[in-house]
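Going in written order, the chains are labelled A, B, C and D, and every chain counts its residues from 1.
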Amino acid sequence: MEKTKVAIIGASGYTGLELVKLLVSHPYFEIAYVGTSEGGVKLTNLHPSLVGVIEQDVLKSDAKEIAKVAKLAFLALPHQAAMGFAKELLALGVKVVDLSADYRLGVEAYEKHYCEHVDKENLKHAVYGLPEIFRQEIKNAQLVANPGCYPTASILAILPFLKYIKEDAPIFIDAKSGVSGAGKKLSESAHFVNVNENITAYNPLKHRHSPEITEKLQNASGKKLEVNFVPHLLPITRGMLISAYLVLDEDIDASAVLKDFYQNEKFVRVRNTPVNVKTTAGTNFCDVFVAQNGRSVFVSSSIDNLLRGASSQAVVNANLMCGYEETAGIPVIAYVP
Amino acid sequence: MEKTKVAIIGASGYTGLELVKLLVSHPYFEIAYVGTSEGGVKLTNLHPSLVGVIEQDVLKSDAKEIAKVAKLAFLALPHQAAMGFAKELLALGVKVVDLSADYRLGVEAYEKHYCEHVDKENLKHAVYGLPEIFRQEIKNAQLVANPGCYPTASILAILPFLKYIKEDAPIFIDAKSGVSGAGKKLSESAHFVNVNENITAYNPLKHRHSPEITEKLQNASGKKLEVNFVPHLLPITRGMLISAYLVLDEDIDASAVLKDFYQNEKFVRVRNTPVNVKTTAGTNFCDVFVAQNGRSVFVSSSIDNLLRGASSQAVVNANLMCGYEETAGIPVIAYVP
Amino acid sequence: MEKTKVAIIGASGYTGLELVKLLVSHPYFEIAYVGTSEGGVKLTNLHPSLVGVIEQDVLKSDAKEIAKVAKLAFLALPHQAAMGFAKELLALGVKVVDLSADYRLGVEAYEKHYCEHVDKENLKHAVYGLPEIFRQEIKNAQLVANPGCYPTASILAILPFLKYIKEDAPIFIDAKSGVSGAGKKLSESAHFVNVNENITAYNPLKHRHSPEITEKLQNASGKKLEVNFVPHLLPITRGMLISAYLVLDEDIDASAVLKDFYQNEKFVRVRNTPVNVKTTAGTNFCDVFVAQNGRSVFVSSSIDNLLRGASSQAVVNANLMCGYEETAGIPVIAYVP
Amino acid sequence: MEKTKVAIIGASGYTGLELVKLLVSHPYFEIAYVGTSEGGVKLTNLHPSLVGVIEQDVLKSDAKEIAKVAKLAFLALPHQAAMGFAKELLALGVKVVDLSADYRLGVEAYEKHYCEHVDKENLKHAVYGLPEIFRQEIKNAQLVANPGCYPTASILAILPFLKYIKEDAPIFIDAKSGVSGAGKKLSESAHFVNVNENITAYNPLKHRHSPEITEKLQNASGKKLEVNFVPHLLPITRGMLISAYLVLDEDIDASAVLKDFYQNEKFVRVRNTPVNVKTTAGTNFCDVFVAQNGRSVFVSSSIDNLLRGASSQAVVNANLMCGYEETAGIPVIAYVP
């Protein structure tokens, strides 16, 4: 069977690297084009770990050239850059999985938290790429907005309890992320000396992933929910842990509800003991655990922020969009130990 | 001026070591006795970092011998062991700062969460050693129950908001601690490979520090509060961060309330940006920060779990019990960087 | 094509886990038997990260049962236990890749550094499983002694320079290993608080891998070399870096010699900048770099201690022993970032 | 007794911060001036951990103003900037402890490895501030060149063996440093994701501290020694470990030689087990350990790179220059655990 040719645009960052790592051995996809804003280097110059694995020229990204060789493109670009590029590609008939924030929100919320939206037309048809909610829609989508890492883990933790949540009680999400989530850019907050032996909250109650979580939970529940989101930076490279605190308005067995909800999902594992980030690092799994004190609930989820929180979820979406089985080429074996 | 002679009982663990480090250069206290359950070694055998700093024999702890040489004893013993020893020392006229849980709770709560209490008489008169609440009582105490690390940081974060808290809304405390909080004992959960590049909740909603926090907050507020406490283990050695989530029942300026509440406290620093654990590690400071979303509040505190959460707070209490200024010999200079 | 059935004996440790992870998706091998000394559990109980990946009962290891279902066995057992088991399996016609030290040394050296050898007969025919030296012999072997992690990385670094080394100048090997190399066992030296923010040498000039390195280098060179080996414990989980210091007795271009030596090896990458452990972690690669100051040489190598230093090298050996291509199912994609 | 007023120039970096931390509670020195190249801030803005510890304005450094208020100045400036400033201060009668490289080397070596020297006159009289070699000279010095961290630890390790070293056998120094040694500057090599779970050599055989070590060892021994220096970057914040490899030309008991050599030194501790960096972090101690294999010697030393490798050694030098006891205000209590 001939493989489907794909492009990776924005190959210099961590999520771009992860896409390469996933696609180089994918059973149905073939990397046909790798681009960055500059181009003119070899992929092994950008990522020396790929020496002996793949030889590939990195080109200056050009939508027309991509359309000639690829049926689907992964965009691992900053927000704002992504929508300009996606618009062009879609017009040329290339399917797009966009890893940026550009197509994740309604236009109003987007423009409030990011910037003016320049591709409102495609935004209308974009599908939010969380298969546990939108599997069918993704299958038919031309454009999938791949969710952020914080929203992926938060929504998967809270989703099973949405219909039991007390509407006027605020939801609190205490999120903890590894440093790779902030990308390769040099910054005070990524300097080893500042991160090591440390932990701090950042942008508490103000992070841009907060409206994404709120919008999706409201849409899924039909309830007007208040979501209070506080991310923390952990002294680890990979991994994300969500500790969500909920108040219910009826008596349920939270553990049974959780197990029941995810019984048919291959990439969500319900755990009987508190989840940790090592057990999912390297995989597309989301592990979930719940404990309760009457109607007060602690639900915790763990994902690999670069995989389930970005690149492997993007490949899952691409699998669905191209009619392949959802699990094809998706990593399930953790790095542990 | 002659120094007051003190004993350190339980010198082999981390908090025992911290007591030695604080007292070896204290202006008013002199280490007169160092004991462990075994004795028969030199202090530098237990703690090789003390070579060239202090020469001291470690004795098999004996209350009568202690009473001969010391006016005050610090007990850095496991719970249950501590109360037997404290009882003896108090009967011999030795003041006691107990770092264990044995005198922190009312008898009922203690026996529910720990074991039978064998010194109910002294328990009645024990003072909870959090100077920001019980400064005056500590000055007159013979026996001070030094607070746990989680309760110290949690209570100091929540205390300023107690009177504004909505009584029927649960409090959620998401706590994060370095590994030294679990002591020197070998365990799966302290094995480097399990901790490094990882984070997990443990004993969620069931940790033994939870009733201590609840009791103190209820007593201080006169309100019947529900406290949901979830500790997490961080891949760091020292430090503790508390992220507490509260719902208020009136509109306040949380930041102003916080600053006002602690304006005269020397060991609490109110911060304008989210607190981190490096800035307090090595000191007796508790740093606190607050942010709010209407009546939903995020308040975060940071302490050194072994110092403000144990040993330096114990020395503060000893200072007060002996009529010295509270700040004498108390560390304020962080290890940072 | 039917897959070759294999057994993994000693599945509870880290190298056992890595074997499972490699073999679960191997193109030519199939896991037919997983054993430990106890048995009676599920593999996912031993390694919770395998939930959703493989369902497998773990049996109490029994050579006769293994021989019924498997053609080849991987022994991830402690030394001494391994040779008893290997002897039985070989007698039953099962090929063995032994990851312990039991068949790596000549009998004299073995008995000096370990214990009495109880399988001297098979020891004579055991092949040392370093493909870069013994590829042909491995292809015909019934029993392969998989090299230790320190010897693998040290030998691969020094091998290209053996014929230029000054015979009477001692070789110094400064080795640095992640904590996983010491296994899962609880110990002071694996306690997080002792490892984190720390580094120390251990068993300097006395480590048991030293005679293994010496013997192989002497055999390969025909020179009587003095090897001084000093391992250090790093505050990382995975990875090993070797810094070897050599004195040459002729003028060579060390960099050219190195490149030339490994030009046809797929699993050794010669680097132009100093190697690091992240670039090989997760793979079977050994990265090597050399710098020189006249006849004084610094040569450095990096491997994943659990893969190239144990389990993936074991699978390479199994590939060769069974007539498969050397690279089949062998990981080349690093965990980085 | 009136305190001696001192200035700290270059207060924004890590060594500047350490100087403040040491001098704020020094028994004989008083901070009279704190300067940076910009000035115009409060010290607590530069270092938030100092809130509640010291209130001090940071000024734009001006030699004349410094001379008005301070008898001695600590220069924590980059090389090149330091010598211009030192020259001015010395002309104004201010004693100088310079933490940069500007006065550490002979003029020829300096200009080869750094840049043109603009203060050759003072360079002639500068004393190298390693008290274990130059204690008497330091006492009479106006200008002390405070040694680099790598040279301090390397020289103290090798010094006791200098007269036994085989002259034509190269010395190999395998050095490992925490990230704080590279300062606060943002760089790829200090990005958390690149450092964490990693180790690499950098500038092998080419680091600028190499000529400093060579010059001092040659001068102290009168031998023409070849020093091969290879630094490695560790995933820790603080601490430095030196593993030096020597060949002797006579049979000695290396351990006895080491103990004898340092028997009267207060800040060097000879250890019977391999040294580690946690036991010296936070102190001015240098811990040393030696092992030997005949005439091949492994000697290892550990220091806090920011203290014994910079700021506390600078204060020791200032103590000596001002006639105070060497140990006054010098930290001996390690951060451990």
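Here is the rule we use: a residue touches a chain if its C-beta (ideal position, glycine included) is under 8 Å from a C-beta of that chain, and two chains touch if they have at least 3 such contacts.
Quick caveat: nothing in here was measured; it's all calculated off a predicted structure.
Over half of the residue numbers at the interface between copies chain A and chain B are found on both sides, making the touching surfaces mostly the same.
Centroid analysis (C-alpha atoms only) places D farthest from chain A.
Chain C has its Cα centroid 36 Å from the Cα centroid of chain A. Centre to centre, using the average C-alpha position, chain A and chain B are separated by 40 Å. One finds 47 Å separating the Cα centroids of chain B and chain C. Chain contacts: chain C has residues 14, 180, 193, 196-197, 235-238, 278, 337 touching two or more partner chains.
Residues 169-170, 172, 174, 176, 178, 193-194, 196-202, 204-206, 226, 228, 230, 232, 234-239, 241, 243, 245, 247, 274-278, 281, 289, 291-293, 296, 298, 300, 337 of chain A are the ones that touch chain B when the two sit in their complex.
Residue ranges of chain B in contact with chain D, taken from their complex: 14, 17, 21, 24-25, 47-49, 51-53, 180, 196-197, 237-238, 266, 269, 271, 278-280, 282-283, 285, 306, 332-337.
Interface residues of chain A, counted against chain D in their complex, comprise 14, 179-180, 184, 186-188, 190-193, 195-197, 235-237.
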